[in-house]
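Both complexes shown next keep chain A, but they swap its partner, so chain B is in the first and chain C is in the second.
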Partner chain A sequence: MYDIGKIYEAHTVEEAVNLRLEHPEAVIIAGGSDVLIKVRSGKLAGADLISIQGVDELRGVHMEKDGTLVIGSLTSFSHITADPLIGSCIRVLGEAADKVGGPQIRAVGTVGGNTCNGVTSADTASTLLAYDAIVELAGGTEDEGRTGGNAENAGGQMARNPGAGGADSQRRIARRLVPLEKFYLGPGRTDVRPGEIQTCLRIPVESYENHYGFYIKFGMRNAMEIATVGCSVNVKLSEDKKYLDDLRIAFGVAGPVPMRAHETEKKFKGAALTAQTVTEIGSSVLSEVHPRDSWRAPKNMRRHLCRTMTQDALCEAVRRAGGMIAGMKADQDGARDFMDITLFPDAGAADGQE
Partner chain B sequence: MSDRQYKLVTCTINGCECTAMVDVRASLADMLRNEYELTSVKKGCEVGECGACTVIIDGECFNSCIYLAIWADGKSITTLEGLTGPKGELSDLQQAFADETAIQCGFCTPGFIVEAENVLERGKIYSDDELRKLLSGHLCRCTGYDNIIRAVKKTMYQRHGMKMPEEAAADEPLIYQPDEIKK
Partner chain C sequence: MNRSQAPQSGREGFMTIGTSVPRVDSYDKAAGRTKYVDDLCSSRALVAKILHSNVAHAYVKSIDTSEAEKIPGVVGVFTCFDVPEWPFPTAGHPWSTQKDHQDVCDRHLLTRHVRYYGDDVAAVVAVDEVTAIHAVQAIKVEYEVLPFVLDPQEAMKDGAVLLHKKYPHNILAHTRNCHGNYEEAIREPGLVKVEGWYDTPTVQHCHIENAECFAYMENGIITVVASTQIPHIVRRCVAMALGVDWGKVRLIKPYIGGGFGDKQDALYEPLCAWLTTQVGGRPVKLECTREETFANCRVRHAIRYHLISWVKPDGTLVARKAECYSNQGAYASHGHGVNAKGMNSIPQLYPCPNIECDSWTVFTNMQVAGAMRGYGMPQVTFALESHVQDICEKLHLDPMEYHRRALMPVGFTDSFSKNELYSDTFNEVLTVGERAIGFNRKYKLYRNQTGRYRRGVGFAAFWYNTAVWPISLETSSCRMILNQDGSVQLQVGETEIGQGADTAFAQMAADTIGVPLDKVHVVSCQDTAVTPYGTGAYASRQTYAAGMAIRGCAEKFRQKILENAFPYTRMQPYLMDIADGNIIRNTDGRKLMSLGEFATMKLYDRENNEHITCEKSTQLKTNAYSFGCGFAEVEVDTQLCRVKVLKLVNVHDAGRIINPALARAQVQGGMSMGIGYALSEKMLYDPKTGRLLNGNLLDYKLSTPMDHPSLEVHFVENPEPTSAYGTKALGEPPVIPVSPAIRNAILNATGVACMEIPMRPHYLYEKFREAGLIGEE
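Then we have the complex of A and B:
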């Protein structure tokens, strides 16, 4: 028996939003693989819960007319991996979701929960960041920041700022869009405002079209593991496949929240695909990541992993895109097996003078 | 406490439709054990790591310890008891576990068998590595997993009317090498 106060069950987004307004202190529970563990360990003991497990409209993946992929926040990891749209458009997300926990955790854990709990190690969070995902929230407060074109008056006790009032909207609840990177406010804190729930994650067509990527999760074991460091790289190659037209590098556990290496991306956009570029990118990300010591792994090891995993994920992404890296030694061509990484390099070498 | 909250939960358990009034704070494992005496659902870690409480809900395996009982309303649930015959005969998979000594203390066994049954029902032939990945949500502290994998593999080939391939030669490593899975 869990130490729970009251449970309020929602079956539609509207119900969920109303419950959020009525019970601002209650915690949202989706799959439960985080919240129930926190209840058990005492961190959330006695808390009231709003269960959105029954909001079936938030499940599933579909594509909008303009090519935007919409992933319902309650879609479980196993369903993401099995989804044909994910497999054909954003394969890396399916692969990353397949690395979470074990099979039963993947059946219950949701992609929305993975982003809303604000942890840096979330496997899908770094991958979604590398796809420039946009978070959609329903409910909304009365301040600005309403980028969604279909914001509409919610009516009743939900009467709010009418927003732009898009004609295509069938819902009466205001929507707000936030880029995933801005959605993270700090460790364990995300931009879910009072009265809001996350409804879906949107990936615009330009973020995934002609992009190829790879996600590496480094853990001490293969299942039931939390990433020591996670690295997701997406590339788009020029037509002759010799230059990096677009580059996106995202990390988990390289900082307090999932992060992108923007400086490196900017610096190497348009760079020629050579072994030297790969080495330089690996070194360059070290100036942006700021992992910390924890009981899971020392900081130096994490820095070393950031460098080598960026290089490995980049090589594999390029290989998937059909490119070749000039000057790469035969044994380095393509992804080296990521389990080959030396676990405890010399501290000095790890802090990178390359 | 007078303000306890209850909910009427109707679900299909092992083919029978059942209704019970459950405390909303109960996990599905609590409900199956306490209301329906389905004690094959073991409570091991109770944080979703060990897999001993695994049940099949609408065709997918879940850890019933981190699944609220109220969510089971309208769902179809299968536990280990649902796999045995009408007179309690062992299924082929259960028999294979016994034959291959895939059981020592037996605490993880219901979870393993329920998960393996769910995997085998997909009707595919899986490699050893794939089986290990599919069963990776279960912990066994006794057997070292080899016998469990062998029991599942044996049943898998039996159900396809095929003979199980020869065991790995002695010079191959007996210890599972993590880098063998590349997906």
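Then we have the complex of A and C:
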């Protein structure tokens, strides 16, 4: 039995925005995999809820003419993983979404909820961050919609023809774009303002074209897990595949919110693909990450994981990009679970005689 | 000897025993039709919620319930000042008529002396759950806070705060098991000393169905419907707690969603029963949340071992010392039995001329430890089999050869229990396991590896026994009732808790009476108003103890039918038999009449009517060893500090296997529990408050199917001579060898000897840094 106050149901973005304005204290609920847990644990006991489950226009993935990939906020993890556009353009996001919880959670949990929840461990957040994703929000007052700062944050863009599903509502609703990195205000806090809902996540073409990536989730078990540390790396290689033309490294649980290792990225853009570079990149991120000590895992261990996982994810991203890392031994290479290394050719298969 | 791959057909004169017939409850369980406690409870029942203390050790000075009582929908608020004064026991042991063997009475329904973080101080009964929660939150408690202690060795020290006045130094019990002369023996020149401390964690059973019950009164009888393994014992605990005649309490146990020993204890049934008496007998439901199941039910004892062995350079064991410190938590529950069982296995598994074992079970301000699958053996086997590997490492001995030499020999008889090792079990199971995993070859191949990813193999043998004799009474009762169609109702006090007991019982009854399996109707639900006395599901005694009652009853039942068949068949009873549901003439095999024809004629016979029923109460005065071993192959990522289990093999000599498919499933379930125990499961407590930090299924890292390798099971079948159907323990043992096997495999892979479980990345990170496998920043 859940201690819920009132439930308001929206079927369009406009209805959702109106409900947000009418009931500023009410909490938005989409899939419910985060909100219901908070209701049950007491943090949101007795809360009024605005359900946007019925706002079908926020569901699905499509590509705009300029190549921008638009992911509706209500798209579930399992649909993201199965989506052909995601698979061909930003495969890593589908893989990251597939690491969330278990099959049931992935069927109800949404990518919008995963980002709006504001937690640092969200599996899709670090990967979206590595793709320079932009958050679109609908609603708010005209003033807020025009705030120059926000437009600036989003690189001066204002959505001209917004709406994830393409069909705009009858009344003109203000839309606001915020880079995902700025969207996080602090642990559990995101820049969703009164009267607003998140409508979609936008990935510009230059963020994914010719980029290859890999996400590693470190947990204490292989399913039903929240990341102890998450690391998502994207690379773009030079034509001869010997240099890092572009490098983006994002982390979950390396700080209070999902974060990028911008200094390291800048420093190693253009670097030659060698084992030395990989080692240096791993060490370099240590000056940027600042995980905390908790009973879940000590700080020194998380730092060690950040370094190791950066190297592992980088190696696998390079491999996906068709590159080779000079001087790297096969059994030092990252992401072992995904590679076919025979340690003991003469040991035979794990199965012995029956 | 390995029959696990044998064709699925009857053998040795049995029709169904030895075959993988489907579970008798499988179709309803698969279809979701099976009814559990919550399905049986009226939606109009009142709901009870408990106020748990938010301090680890304190006296309750006062409780203000006035705000809670004002909330609409609250029926009653009850505190530790309202409940009966007398203490009661909770352990799921048969009662003892000898006072010094009785379970410790140290619980109150609600307590004025809070002894762990989460102890029960007040309860609310309300019309629904949300109202009850609001009322619990509105209760104000004033505590006189006391110092608390979480570690057993700290709790034993002079000056440590006392939990129970009757127990100085917080020691619930201390027992010894010594022979020879340890101090004298270790003076022998040339001995090598191997010493280690081995630590095991507090873990929880994590049965799927939380602890749950509801209670109501009818015609003066207090009825409790509970998710329990031990209905007859809980009935007694409830009556003792309430101070009512035992016959005034009726306990009903429907199907349950697992127990693993947690439900081998009176949990909240006594409180729920008392609450219904306080609200005029209206139905009251008390359902633990998952968090309460973690924080307020029972846990496995965390036991710390200090082992010292003195061996000759060839490995011959000359003297051994063992100290076992068991963390009992706040109340006695199953108490010292768990630690003592583990300790007493040490001199049996590896006979040694000079041995000195001590075990202490110590109260601390932790939650209460009770029974859990394996009852002390997973703990001691981690310590002992790790230690044996450490001896082999130190002396450069081959562990396989060492085990074969040092383990209990054939013919060994324990002087106390009279258990005897009748077969060459250890050599047989080690041979099967060695071949299954290729141990001898891989053990050498995997030594001295370099590089990031390393593989290893390891194994462990284990000791177990089947039932509880002669520590406690062993008894089982069975009733059979013949229906007009020749089918049979079967009732026993031993309970189905998901392990498949009903199916095994039906197979036994069908084969002994001589009817097809579908003519046996097991009454799965135990109801103390109608079910013959049996102590329930615990130890690994179901097929052994209930098997004796079933066979005794079935033979008597069969004889009764044959004696009564004379008027209809004109044949002497000794000329007849029952086969495939028919009464036959055994001289020529002719079918005389069907059992259905006989039953109908007899029941409606106007001259000689009788309802054919049979009941048999059986006492056991034997017990049976049940041994085996487990093998593991792992791959260790030395940089991410993770262990991937590539393969696990368990080999059991559980005597005759009644149902191979169910037996394999039971072993695989235990191996799964073993993986979590070895690598990830640990209840974490805040040292500043004593609060459980990870009491939920997210933060408590139960292993999932994604963490499981292929789980390979083999049986070596040496039928147990003392057993009605040749069976012996299989329910608990599968969990036992897994953690030391994995630990020894990690050692083989990396050279790092882990001294505690779980070997989670946190621990391995520190160990690998110490060993120089991980570079500093």
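The rule is short, and it goes like this: the second predicted complex is superposed on the first by the 301 of 354 C-alpha atoms of A that agree within 3 Å, B and C clash if a C-alpha of one lies under 4 Å from a C-alpha of the other, contacts with A are read in each partner's own complex, and residues count from 1 in each chain.
The criterion applied here is as follows: contacts are C-beta pairs under 8 Å (C-beta built on N, C-alpha and C of every residue); 3 or more make two chains touch, one makes a residue touch a chain.
Just so we're clear, the structure is a prediction, and the values are computed from it rather than from any experiment.
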item: Partner chain in contact with A:Leu286 - chain B first, chain C second, else both or neither; value: second
item: Chain A: partner with more touched residues, chain B or chain C; value: C
item: Partner chain(s) touched by A:Leu305 [first = chain B, second = chain C, both, neither]; value: second
item: Which superposed partner A:Leu36 touches (first chain B, second chain C, both, neither); value: first
item: Chain B versus chain C as contact partner of A:Ala223, first or second or both or neither; value: both
item: Contacts of A:Asp3 with chain B and chain C, given as first, second, both or neither; value: both
item: Which superposed partner A:Arg296 touches (first chain B, second chain C, both, neither); value: second
item: Chain B versus chain C as contact partner of A:Asp98, first or second or both or neither; value: first
item: Residues of chain A at both interfaces, chain B in one complex, chain C in the other; value: 1, 3, 102, 221-224, 337
item: Complex contacts: residues of chain A adjacent to chain B; value: 1-4, 6-7, 9, 29, 32-33, 36-37, 40, 51, 53-54, 78, 95, 98, 101-105, 107-108, 221-224, 337, 339-340
item: Chain A partner contacts - residues on chain C that touch it in the complex; value: 5, 128-130, 133, 435-438, 441-442, 445-446, 451-455, 633, 635, 637, 639-641, 644, 646-647, 680, 684, 686, 693-694, 697-699, 701-707, 709-710, 760-762, 765, 774, 777
item: In the complex with chain C, residue positions of chain A that touch it; value: 1, 3, 45, 102, 218, 220-224, 226, 228, 283, 286, 295-298, 301, 303-305, 307-309, 312, 329, 331-332, 336-337, 341, 343-344, 346-348, 350-354
item: Chain A contact footprint on chain B (complex, rising order); value: 5, 23-27, 30, 46-49, 51, 54, 60-63, 66-68, 70-71, 115, 133-138, 178-179, 181-183
